[in-house]
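Per-chain numbering from 1; labels A, B, C, D and E assigned in written order.
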Amino acid sequence: MTAGLLLDLLLALAVLGTAAWTLAARSQFAAVIGFVVTGLLLTLVWVRLGAVDVALTEAAIGAGATGVILLYVVARLRGGEAEISAATPSRAQRALAALLALSVGGALAYGVLSLPDPAPSLAEAALAGTAPLGLGNPVSAVLMAHRGLDTLLEAIVLVFAVLAVWSMAADHRWGGRPGPVFQREEHGPLSLLARILPPVGIVIGIYIAWVGADSPGGKFQGGTILAAMWVLPWIAGLVRPPSVTDWRLRLMIAIGPLTFLAVGLAGFVVAEGFLAYPPGFAKPLILLIEAAMTLSVAAALACLIAGPPERRRRA
Amino acid sequence: MSLLVGAFSTACVLAGVFFFVAGTAGLIRFPDTLSRVHALTKADNLGLGLIVLGLLPLAPGLGAALKLLLIWVLVVIGGATAAQLIGAAAARDEHAMPSPPSGGRGLGEGGVP
Amino acid sequence: MTEILLGAAFVVLLSVLAGLWRVLRGPRRADRLMAAQLLCTGGIAALLLVAGAYGDGAILDVALLLALLGAFTSVAFVMAARLVGPR
Amino acid sequence: MTATTPEGWLLVLALTLPAGAMLLAFVAGGRHAQRIALGALALWLVIAFAIALQVQRGGAPLAYLIGGWQPPLGMALRADGLSAAMLLTGAVVLLAVALFGRAPYATPRGAQETRAAYAYWCFLPALAASLAAAFLGGDLFNLFVALEMLTFTALALACLDGKPSQFKSELRYLLFALIGSVLYLLGAGLLYGAHGTLDIALLAGRTRADAPTLVAGALMTAGLIAKMALFPLHLWLPPAHAGAPAAASALLSGLVVKGAFVLLLRLWFWVLPAPVVLNGGTLLAALGAAAILIGSVVALRQERLKLLVAYSTVAQMGYLFLMFPLLAAGDAETASRAWLGGVLQAVSHALAKAAMFLGAGLIAASLGHDRVAALGGAARVMPITVIAFAMGGLSLMGLPPSGGFGAKWLLLRASVETGQWWWSLVILSGGLLTGGYVYRIVAAALAPPAPGCEARPVPRAQELCVLALALASILLGLVPLKDLGLVRVGAP
Amino acid sequence: MTGTDILALAACGLVAIGLYGLVAQAEVLRKIIAFNLLGAGVFLLFGVVARRGAGAGLAADPVPQAMVITGLVVAFAATALALVLTLRLYQITGAATVAEDPPEPTAPDS
C-alpha cells in the first residue's frame, strides 16, 4: 500500500501546514479560511482512518458549521490594533508557550507511540451488540444504545448552549429575532442558489439522517445540513428567524432530547430499564428518536449560528 | 470488470487528474485574480466531471451512479455561484471605495461604529 | 486498479495543495476566498477516487455532503467578506 | 463486574428529573419556568436524600447499568459515599439559592417573560442535572460531557446580569475551562487506547504505571486543576466569581468547582496506579498549600467584599489537595480519616461559601457598594445576614463547632499520623489568616454607619436562605463522626 | 512506520499547534480558532485509537468514533458560546482581547 502511505504522509503534512498557517495568518478572516481548509483536509484524514461517520460529522460540523459561525463573528469584529498589540505576549512569553506546546506534544507522542500492540478494542463487542437492535451501523448502535447516555446528555448540552447564547442578549432585546438583518436580495447568483439549493439539500439532509441506522450518517450530520439549508436563505434575506420567545421554536429545539428522555424512561415500563429498548421494537424506537433529534439538531444549530436576539420585538 | 471498462475508467480518471494539475498550473501562473478564478473553476469542474465519468462504470449500483452525478451537478452549481460572487468581490476590492461599499449592507445594528 | 485510483487521489491532492499554497498567499482576499472552493472540488475528487479504490459507497455520502456544504460555505464566505468590506 | 442494585433507579431519577425539568422550563418559559424549577429542585433534594439514606443503610455503593449494557461497552451510573454526600450538598445549596433567587429573578407583573428570570430558572435545574451527571457518572468520557454541561451552565449563570464588565472575566473563565476539558479529553483518549475502556471501575483493575497511563494522568490532572483554579492556575477565578450576580457566585464557588474535584478524586484514587498517587500527591498538596497561603494573604488585602470571598475560595480549594499525600501514605485508618476530612472540607466549604456569597450579595445590594472599609452599619440593617456571614467564616477558619472544624481537624490528625507534620503548619496558618479576613469584615460590618450612609433593608426571606446555609455548615460539625460513615462507603 | 502512526504524530502536532496558539495569541477570536485546532488534534487521537482497534471486520473501533461524534458537537456548542461572548464583549466595550485592563468603552450597547 505505498500509494496509501504516501497519501497519509501528504495529508498529515498538509493538515499541520494549514494549521500552522492558520495561526500565522495576518488577518482574522484569513485565519478562518485556514481553519476551514484544515477541517476539509481532516475530513479526508477521517476517511483514511476508516471512520466515515466521523468524516461526515467533521465535514458538517467541524469544518462547515464552525467555519460559518467563526466567519460571521469575524465579519462583525473590527480589531482595535493598539489593544491587540498591547495584549500580545512578549517574545519570552511566546517562547515559553512554544516550550509548553512542544513538551505536551512530545509527551503525547511518546504516550501514543507506546500504546500496546495489539490494541484493545471493543469492535467485536460493539458489532455483537448491534445486531440485536436491528441496526446495521455499529457507530449508531453505540450512540443510541450502548453509550446512549452520552448522546442524551449531548442533546441536552445543545439546548443549554442555545439558551446560554440567547441569554447573552441585551435585556431590551429579549423577545426579538436572533442575529443581524440581511438585506433581501431579489436577483443575482446568491438568491438563485438560496432558492434552488435548499430543496435538494433538505432531501439530502433527511437522507443522511435516515441512512444512519444502517450505514454512516445520522442525526447530527443530517441535522447540520438542514440547518445550513435554513441559514442560506437567511443570509440571502429570504427568510427571517422566529422570535426567541416563540414556543414553537423552543419546542422544536427541545423535542429531540425530550423524546429521547421519554423513550428512555418508558424503558422502565416496557423494557429492562432506563434507555433499554424492548426486543423487536429497538429499531423503530431508535428511528423515532433520530427523527426528533434531527429536527432539534437542525433548529439548535441554526439558532447557535444566528446568535442572540438583536432586534426588538415588534409589538 | 472487463478490460475495456478498466481501460476506459483509467483513461478518464487520468484525464481528470490532468485537468486538476492544469488548473493548478493556471492558478499559479495567471497574473490577475479574475483569470485565476476562471482557470480554477473551469479546469477543476471539468476534471471532476472526467473522474466521475471514469468512476461511473465502477459504481456498485444505480443509486451510487446517480449519487456520483448529483455530486458533480452540485459542485458545478456551487462553483459557478461562488466564482461569480468571488469575481464580483474581486471587482469590488479593485475599486475599493472610501465609504463603506454597497456590500457593507446587512450589518444590521451590530454596534460597530 | 486500487493502486491507480489511490495514486490518482494522491496527485489530485498534491495539485490542490500546490494551488492552495498559491491561493492562501493572496495578495487579495478574493484569492483566499477561492481556497474553500478549490479544496472542496479537489477534496471531493480525492474522496471519490478513494471510494472507488475501496469500493465503499458510504464515502460517496461524505462527498455528497461536502459538495452541498462546499457550495454553501463558499457563498457564506463571500457574503461575510462583503460584510467586512474591502481591504 | 457491575450489576444494577435494587435502588439503582434512584440514580437515573437524580439525573433525568432535573434534565427533564430544564427542558420543560425551556419550552414553557416565563413564570412556568420558575414553578417547574422550584418543584424539580425540591423533589431533587428528596431524591438526593433517599440516595444518601440507601448508601448509608446498605453500606455499599448503588449502581445502575444504562440500558442493561455491561461496561466496557455500556456505561454505569454509580453512587458511593462521595457521590451521595456531594449530591446531597448540591441539592441543599441549589434549593437554598433557588429560594434566595425568587425575589431578584421574579418575572415582573405585566411582563410575559424577562431574559434574566427565564435564564435563571432554566439554568438552575440545568446545573442540578450537570452536577448529577458529574457526581454519578461512572465513565470518564461521560464525565467529560458532564464537565462541559457544568461549564456552560456556570458561564450562563455568571453572565446573568449582562454587565459589560463581566463579559471579559467570564470569557477568560470559559477559555480556561475549555483548555481544561480538552486536556482532560486528551488523557481519556490515551487511556482508552491503552486499556480499551473508560469505565472507572474497570480501569481501576487494568492500569499500570506505563507511558500512556502516566501521560494521560498528567494531562487530565492539569486539565482538572485548571478548572478548579489551583495555584498557579487560579487567576481566572476571583474576577469570574466575584463579578457574577450573588446567586451565581454562590453556585460557582460552592458547587461548580467541586464537580472537577470529584473527577480528580476518581482519577487519582481509582484510575491511576498507587505509586503515581504517592509521588504526585505531594506535588498536588504543595500547590494546594501555596494556594492556601497565597489565597488567604491576597484575600486579607482585598478592598472589595466579593473579591475577598472569591480569593478565599482559592485558599479553601487548596485544603482539598492536602488529602492526596495523606491518603496515599497512611495506614487504612489514617487514610480513611484523610478521606473523610477532604470530603467534609468540600461539603462544608460548599455550604459556608454559598452562604457567604449570598450574604455578600445582600450586603452589596443594601449598601449599594461592597467596599470592605465602608461596611459600617450593615449589622444594624441586616443582623441576620451578618451573623450568617460570620458563621460561614467560622466554618472556613475551622473553629469548633463547625463542619470546617471537623474537616481541618481530621486532615491535621492525618498529617501528624503520617509524619507529614508540615501540612499541619499550613492548615493552622491558613486558619489564622482566614480568621484575619473574616474578622476584618465582621468588625467593619459592626462599626457604626458612616454619616450619610443609606442602607436599604433587604427581604427577610432572602436573609433566612443565607442563614439556613450557614447553619447547615455549622450543624455539620455537630454530627458525630461515626455518623459520617456515609462518606466512607466505597472509599478507596 | 504505518500510515496510522503518521497520523498519530499529526494529531500530536495539531495538539501542540493548537495549544501554542491558545496561549500565545492575543485576540480572543484567534484563541477560539486555536482551541478548535487543539480539539481537532484530540479528536484525531481518538481516531488513531479507533483505527488501531480495527477488528471483527470493522475498519475502526466504533466506540471511540461515537465519542468523537459526541465531542465534535459539544466542541461546536462551546465554540458558539465563546464566539457570542466575544461578539458581545466587542459590541459593548470594543475589546477584542481578554487582557487584564479593560479599555475605555468605545461603543455603547446599541
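Quick note on the criterion: a residue touches a chain if its C-beta (ideal position, glycine included) is under 8 Å from a C-beta of that chain, and two chains touch if they have at least 3 such contacts.
All values reported here derive from a predicted model rather than from experimental measurement.
Colleague: What is the set of chains touching both chain C and chain D?
Modeller: A
Colleague: With contacts counted as defined, which of the two, D-E or A-D, has more C-beta pairs across the interface?
Modeller: A-D
Colleague: Sort the other chains by how far their Cα centres are from that of chain A and give me the top one.
Modeller: Following the centroid criterion, the farthest chain would be D.
Colleague: Provide the C-alpha centroid distance between chain A and chain B, rounded to the nearest whole angstrom.
Modeller: So the centroids are 25 Å from each other.
Colleague: Per the centroid of Cα atoms for each chain, what is the distance between chain A and chain E, given in Å?
Modeller: Using C-alpha averages as centres, the distance is 12 Å.
Colleague: Quick one: chain A and chain C, Cα centre-to-centre, how many Å?
Modeller: So the centroids are 19 Å from each other.
Colleague: Per the centroid of Cα atoms for each chain, what is the distance between chain B and chain C, given in Å?
Modeller: 8
Colleague: Where in chain E do residues touch two or more other chains at once?
Modeller: Chain E, residues with two or more chain partners: 15, 45, 48-49, 52-53, 63, 67, 70, 74, 77-78, 81, 85-86, 88, 90, 92, 95, 106, 109.
Colleague: Mind pulling the residue numbers of chain C that touch at least two other chains?
Modeller: In chain C, residues 29, 33, 40, 57, 61, 64, 68, 71-72, 75, 77, 79, 81, 83, 87 touch at least two other chains, as defined above.
Colleague: Provide the list of chain D residues touching at least two other chains, using ranges where the numbers run on.
Modeller: Residues 73, 141, 145, 148, 152, 155, 159, 186, 190, 193, 196 of chain D each touch two or more of the other chains.
Colleague: In the complex formed with chain C, which residues of chain A make contact?
Modeller: It comes out as residues 1-4, 6-7, 10-11, 14, 18, 21, 27, 29-30, 33-34, 36-37, 40-41, 43-44, 47-48, 52, 55-56, 59-60, 63-64, 67-68, 71-72, 74-76, 190, 193, 197, 200-201, 204, 208, 211, 215-217, 221, 225, 228-229, 231-232, 235.
Colleague: Once bound in the complex, which stretches of chain A touch chain D?
Modeller: Residue positions touching the partner: 104, 107-108, 110-112, 114-116, 119-122, 125-126, 129, 142, 145-150, 152-154, 156-157, 159-161, 163-164, 166-171, 174-175, 245, 247, 250-251, 253-254, 257-258, 261, 264-265, 267-268, 272-277.
Colleague: Please name which positions on chain B make contact with chain A in the complex.
Modeller: Residue positions touching the partner: 74, 77-78, 80-81, 84-85, 105-110, 112.
Colleague: With touch defined as at the start, can you tell me which chain D residues reach chain E in the complex?
Modeller: Residue positions touching the partner: 73, 141, 144-145, 148, 151-152, 155, 159, 164-165, 167-168, 170-172, 174-175, 178-179, 181-182, 185-186, 189-190, 192-193, 196.
Colleague: Spell out the residues on chain E that touch chain A in their complex, using ranges where they run on.
Modeller: 2-21, 23-27, 29-30, 32-34, 36-37, 40, 43-45, 47-63, 65-70, 72-81, 83-88, 90, 94-97, 99, 103, 106, 109
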